[in-house]
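Below, each structure is written out as structure tokens.
Presented sequentially are two complexes of chain A, the first with chain B as partner and the second with chain C.
On to the complex of A and B.
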């Protein structure tokens, strides 16, 4: 494996920081994010570094606990997307023939459906819990991964050592787990990181549109509540209420995207030259 | 694939969307549509006139195939149901909101495409220079920042801080315009910030696409020949390099149309711009199912039409895509 680039390190550090905040949330947060720890709409003070929201909850604590939501979505929806993509793409690429044809038609069909409108429709009728959000995102984003995985599996399957293993009587599951999976490992890492990034953006976006879990205070939901306040922009309240969650979401998405770009260059050295 | 076959595939896709739109609310647990008519549910519609209209439109007491037939027939005649919140036909709401979205998306597509083509070619021409590196880094950043964040920053800077441009809306409320020009100017002033946000949101991905396509073209033999013939720099850059890089650019126009609509939904919500995105946002907040479903259908239809048009343009530009040598 080639050396990891600066982008990957930058992304990793940001991601590690975010994870640390999420894990240590009970230690770091000054208050329970659900407790009404102050007066409504307090300005930042020593007691509430980022002030309080419209019902008197501490904004900094909400922000710290929000990291848990975004990372959960990133991990769960990212894994869900990659697993589905791996399953369908792996099967299509490995089996070939009519199964490959049928599965790839399905993938083409899914890719031609407009994503955000569908996401809104599903979220509307499935209800707006966090598990539903994760399921819907995984369900709508797997085809891209499936297509890439299939292409790679197809090429690996033809290589000498894989055919040799089959000749020696290795079973299909053994060949797949022992030879194919390791060969597409870097691809899976890349898929995981990019899907996680899309998932974070989509979860925040859905919450922002009012389709998130109303009981789970995510960064997207914080933005929505802030924007719901009439005349938010007429005072400088947006500075400590709207900006911090927006900045956190953006940084997390950027971290994942940069890792993706770095890993992609690792997969495809021609790409690396193109950027320089 | 010829035009006819492509049209068929798109029609098939639209049929899948129509069917999803029909089945989803009926088959999912919780039965959200029945809840509208159930006095014991929290979604119960109290206005008897609206309730009667809803019961007639959804026809939940009839067998499923009959409901489906009536639903398809309704769509064909432009009947998208009735809004619970506003007690008006959904089709009427769509007609009022769609032009704003088309204006926003069209403006942004135009400007982002023009800018990306110019800057992308120029950047590829001087690849490796500091200007190129700067543009590439900036574009990677732009392409990955969520659109609502970029919009917020612009809104805060130009709307709230500098107060140069209006904060929200598609035009000045209750304004009476002395002339058509005054009306156009007012609408234009309100369009600047949302359109700028959407332009920036699309610029990153488009720029990277044009730049990479041009870099690939620069390595082709015909570029060397053209240079050896002694063609002037401008002809080489715009007449040969850009012209060939246009193909992948147009091929991706379809994907960009979907991206633009996604961006528009968030941007309209943020800027209270009176388009389809705002309509969806308000209907989601009020759980106004008929409007959400109608808006979903219309937005999907717009995206599919855009994809189809991009396909046709591509077919005309690139003869290699036409099988059988038929001249288009």
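On to the complex of A and C.
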């Protein structure tokens, strides 16, 4: 393993911070985010550092609990994407032949579909629970991962030691788990991080469009409620209601993206030279 | 039938109860004018048979039956034997130095049986001696000499003259050529050959000198630990040995037409006082099965040859029939295909070293990979120990895969960069689920020791990039050995190593091959290298095997155009 670059560390620290907030939410948040802890639309004060929303819930508490939603989506949808991609790409790359052809045509087909309209369509039909959101995101994003995984598996499969394992009488599952998976490990990490980033953005987008779960307050949903207030921008209220969740989403995506870039350099030494 | 030996057993008493059975159930016959060779290693019981035929063993030692023209000789009195020795059966003994009495002149000693057995007068006997001397190529002055004044070859001739003196029906030669230089040996063989042709006399040649036996006899019997293991026409047996022991014996014999290094048979002959149960050859045999350890195989006729082997003789380990492999250039026209292997047929016998030579691109590696089951052929089949490898699946495939191992050209590609040495070598055992973790560990250490690598925990924990090419190739070799395969296919195993390391690894490979009795298919472009160790060479050209034959024949008298090209190109210093 090459040494991890500065951007990876920066991303990791941001992510760790975000995770800490999510885990420690009950401790950190001054109020229950659902409780009507103050008057509607209070300005920031000692009691409510970021004020309250239009129904009198503490915005800081909402923000802190929102981290949980975003991270859950990031992790679950990221893992879902990678798992599907690994399954399809791994199978195609390892088996080769007609199966490879069939699966790759499927991937091509999926990639040619416009994602956002499809996302909206699915979200509308499947309902707006958090699991549905996660499933829809995973379903739409696996083909990219599958392609990358397939290419890598194809190359690893031809390595002598992988073929030799077959020579010792190994079954295909053994070869795949023992040799191919470790060999594409870094790729999986990269795929996980990048698709988690995508997932966060997608979830925020869906929530923002009102297609998320209205009961699970994610950062995207907070933004939507803020923007629903007529004349939000007439006062400086957007500074503490709209901007914090937007910043949080941005920072989380940035963290994941930076880690992705760092890992990609690790996978591809040629990129590293250009970046550093 | 003149001489019929049936179930001959010779036992020497060791102490009160047990005996040492030097010859155990040997049967053969000899027609008038026929010749038979008995070959075998020292201690196999060859001389014991010769002495039994002349009644030279103490009474009671010999059982079974020796019939001369129908008359039973076993159990005859010393008196009766005297009438048979010299006149009917004569022996030229092995130890030339002690067979002649040093205080009598040679001529008198030749004349003595004439006078004693035929009752000739001294003058008649001397005349006959002169004639006999002339026949065996001695001059009159030799007859007047004392034994110590003669050379070994001349003494041998004198003994031969003595044996011939009474015109015996059967002449037994015990190691006729031992201790003689090549030139006198050649002259002696010419002489014996001429004598046999004169007709009538049955000839029994007992020798470990295979060339002498090949020259003098029509039929040959191979003796191992007091038992016959193969009997057949001499030329056929030597050309195409069927019993594993005969095969090994022939490969241990130095021959001017052999370029290969000599190879011994692994192990040592058994102690005659305590022979192994079952087939006596099984501890040294490369193809022994359970039955060989329990049951003694009878000598039975198989395809015109008498063989004592449960398996019917040397087994074909791996057989490939009409193997084809065509690679299609991706997205290319149908014409753009590469016929890497076209109708390749070959077989590899147990314990054999076969070399597959050919230039780059001749399809050697593709063929090798199909043989070990790494690459599915487009046509044809591979049969390993009677079972089709190309069709095997699941558990059966797993079991078959443990019998055959590949050593690829590039050791760096052959091991995972993520595994330690211990993990690499242990992997086949893990896959085949053999033994407990401790047993696997022990096998790994043993395999590493076999290939001359350290077994320290520091070394075991190293990874591929911390090893040299030679070390890594040895690790790959150790990994191939842990499953105790029957066949190793080595694809240019040393081509990436420096010359000195090449020599070491090749010698190691050869040593392990002999020691473990495994078959080796050596794929190489280097004729100069393979001829040192290969029993047989296959020449491959453009996807086909164009020539096949014993290593020496291929190197000295190549038949195919392409073989000559390869020979021309072989490296020469100076």
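Methods note: the second predicted complex is superposed on the first by the 275 of 276 C-alpha atoms of A that agree within 3 Å, B and C clash if a C-alpha of one lies under 4 Å from a C-alpha of the other, contacts with A are read in each partner's own complex, and residues count from 1 in each chain.
Everything that follows uses one rule, which is that a residue touches a chain if its C-beta (ideal position, glycine included) is under 8 Å from a C-beta of that chain, and two chains touch if they have at least 3 such contacts.
All values derive from a computational prediction rather than experimental measurement.
Considered on the superposed chain A, chain B and chain C are sterically compatible, since they fit side by side. Legend: residue contacts after superposition of the two complexes on their common chain; A:167 is shown touching chain C, with no touch to chain B. Applying the stated contact rule after C-alpha superposition, one finds that A:201 touches chain B and leaves chain C untouched.
Legend: residue contacts after superposition of the two complexes on their common chain; A:159 is shown touching chain C, with no touch to chain B. Seen from the CA centre of chain A, the centres of chain B and chain C span an angle of about 110°, rounded to a multiple of 10. When both complexes are overlaid on chain A, the residue A:233 reaches chain B alone and has no touch with chain C. By the touch criterion defined above, A:215 reaches neither chain B nor chain C. When the two complexes are overlaid, the chain among chain B and chain C that reaches more residues of chain A is B.
Of the two partner chains placed by the overlay, only chain C lies in contact with A:183; chain B stays clear of it. By the touch criterion defined above, A:20 lies against neither chain B nor chain C after alignment on the C-alpha atoms of chain A. When the two complexes are overlaid on their common chain A, residue A:47 makes contact with neither chain B nor chain C.
Fitting both structures onto chain A leaves chain B and chain C with a minimum C-alpha separation of 12 Å.
Touching of chain A by both chain B and chain C, each in its own complex, is seen for no residue at all. Interface of chain C with chain A (complex): residues 372-374, 397-402, 405-406, 408, 410, 413-416, 418, 427-428, 431-432, 483. Chain A contributes residues 159-171, 174, 179, 182-183 to its touches with chain C in the complex.
Contacts from chain B toward chain A in the complex involve residues 9-10, 13, 16-17, 20-21, 24-25, 28, 30, 32, 128, 136, 140-141, 144-146, 148-149, 152, 155-156, 159-160, 167, 212, 215, 258, 261-262, 265-266, 269-270, 280-281, 284-285, 287, 289, 292-293, 295-296, 299-300, 303-304, 307. For chain A in complex with chain B, the touching residues are 109, 112-118, 120-122, 124-127, 197, 201, 204-205, 208-211, 223, 227, 233-234, 238, 242-243, 246-247, 249-250, 253-254, 257-258, 261, 274-276.
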